[in-house]
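Listed after this line are the structures, all set down as structure tokens.
Next come two complexes built around chain A: one with chain B, the other with chain C.
Then we have the complex of A and B:
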């Protein structure tokens, strides 16, 4: 503590160490949040079906997505990344997950929403398994923090089915 | 700064930073604003720096008593040992 430089270094180093501790505590405080999110997806209709002779099946659809994810936000939340994935089983793969739509929610007020949208990303299969296929639509969310640990979870909605080709 | 001042400066620095950090965390958590926590803490660090880093007069209340030059001459520094004596000592070992 004998010189200006020495004291300045001491203050800054101690302040930074304490800051790191504060961020760790802030992140830990997220564990005391018990969220209760809810969501519902309805398929308005299937827009088209592409069946290529030596290619992969592709389906296009429109959905209504309703969700209330406000309880996921804490004081330490920067944004919420959500995406909807279609999940189904095929002879080759026990689980296929195809991401159909995603969004970034920056504020708690925007976390309660309703949207009608076509699938943002192509619903493509590895093969020709989509006709008459039963699938789940799962809403995944990643709670991205301002500092510290990221929490992720999902909500599975089942009971969806792609119609047989001829009826599209 | 004198010795007492340095000790005081270090103590104040530690106390102030800890108090500000706890206060900032508590305030931020209660009102739910991360930004507010950072602002309070930044203000605290700035204030602590201002108070403890510069050489303020109140850190110099116990100045060091340096000897007068005349007093120092009366107590000369001890001489180094003569070289030949060292050689003799080393050969004995």
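Then we have the complex of A and C:
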């Protein structure tokens, strides 16, 4: 009952149980954070709108993104993954979501920022339905903890519109 | 070592009933583990409620060796969710983020595109030959939580099977020769 094997087994089991409990409590403490993030996106301009050889529309744009996401960080946060997605409806598809830009924020200080950027990923439609289309730009954030449950939420900004005519 | 001699001694002096009772205890332990696993499968609705991250394509969020808890629901897939999916013909599931969704309400057709956070390119090159979009049926679950480093045990046992045999052998020996 007091051999090395038993003692090692008991210590290991106890250690693992305590670690698991600590992870659970750390994750639970995230529920007590009530964040108040804010963000704004403006489209500086459309750089190009073309119809590709296979018939799909592609839009290229530059946007200004301003955000204050500092309140989302807790002591249990490892990083904040944010991305901007364009959402729109077409006669062919009732919902389209295309991610245009994303970033990883590792520290609270960097969570308040302003950036002007072209879309990182191509804004391509399934088809040729984008002329004059109204669309929303949604800023999504995904709080990835050091351990435990992940939280995600978003802020929808509407009122954007793609130009009527294709341009080179 | 005197430790091994001690254990060989105790094996020699065992009786039949004790042996049977040890075997049944072993069986109970294995069944309990299986029951817990199946119950988790029911609770989370996913075939594989816990997965180990095998590659670094989601760094710095998920590193190799982290364990992910999955949950599956009927809710439609939306951009930003971290999903685990299987490619037809390939065994190892992939954990990446959804970056594009195209959904047709009438026919129920949904096209999904995924990408690893640390990858520059989307996952098209990982999908089956000729497949440009992922189907919801291929997705096993959404990642809802994770525990860091806990999956290294599984990785080591898979990549160096000799350690698995040593561990199982030693555990078996311990259970059989315990004096309870």
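Please note the rule applied: the second predicted complex is superposed on the first by the 160 of 168 C-alpha atoms of A that agree within 3 Å, B and C clash if a C-alpha of one lies under 4 Å from a C-alpha of the other, contacts with A are read in each partner's own complex, and residues count from 1 in each chain.
What we mean here is this: contacts are C-beta pairs under 8 Å (C-beta built on N, C-alpha and C of every residue); 3 or more make two chains touch, one makes a residue touch a chain.
Keep in mind that this is a model prediction, so the values were computed, not measured.
Participant: On chain A, do chain B and chain C fit together or clash when superposed?
Facilitator: These partners fit in the superposed model.
Participant: Per the contact definition in the header, classify A:64: touching chain B only (first), chain C only (second), both, or neither.
Facilitator: So A:64 meets neither chain B nor chain C here.
Participant: Would you sort A:26 into first (chain B), second (chain C), both or neither based on which partner it touches?
Facilitator: In the superposed model, A:26 contacts chain B only, not chain C.
Participant: Pick one for A:146: touches chain B only (first), chain C only (second), both, or neither.
Facilitator: Both: A:146 reaches chain B and chain C.
Participant: I want to verify the contact counts: of chain B and chain C, which reaches more residues of chain A?
Facilitator: In the superposed model, C touches more residues of chain A.
Participant: For A:83, is the partner it touches chain B (first), chain C (second), both, or none of the two (neither)?
Facilitator: second
Participant: Specify the angle subtended at the CA centre of chain A by the CA centres of chain B and chain C, expressed in degrees to the nearest 10.
Facilitator: Spelled out: centre of chain A as vertex, angle of 40 degrees.
Participant: Between chain B (first) and chain C (second), which, if any, makes contact with A:7: first, second, both or neither?
Facilitator: In the superposed model, A:7 contacts chain B only, not chain C.
Participant: Which of the two partners, first being chain B and second being chain C, lies in contact with A:116: first, second, both, or neither?
Facilitator: After superposing on A, A:116 lies clear of both chain B and chain C.
Participant: Using only C-alpha atoms, work out how near chain B sits to chain C after the chain A superposition, in angstrom.
Facilitator: In this superposition, no C-alpha atom of chain B lies closer than 12 Å to one of chain C.
Participant: Taking the stated contact definition, name every residue in chain A that is touched by chain B in one complex and by chain C in the other, in rising order.
Facilitator: Of chain A, residues 1, 4, 146-147 contact chain B in one complex and chain C in the other.
Participant: Using the touch definition up top, name the residues of chain C that touch chain A in the complex.
Facilitator: Against chain A, chain C makes touches at 3, 60-62, 78-82, 97, 99-106, 111, 117, 122, 143-148, 174, 179.
Participant: Tell me, which parts of chain A touch chain C in their complex?
Facilitator: My answer: residues 1, 4-5, 9, 20, 23, 27, 78-79, 81, 83, 85, 92-99, 102, 104, 106, 121, 126, 140, 142, 144-150, 152, 154.
Participant: Can you check the complex and tell me which residues of chain A touch chain B?
Facilitator: That would be residues 1-2, 4, 7-8, 10-12, 14-15, 18-19, 21-22, 25-26, 29, 74-76, 146-147 of chain A.
Participant: Residues of chain B touching chain A in their complex?
Facilitator: By the definition above, chain B touches chain A via 1, 6-7, 9-10, 13-14, 17-18, 21, 24-25, 28-29, 32-34, 37, 41, 45, 48-49, 52-55.
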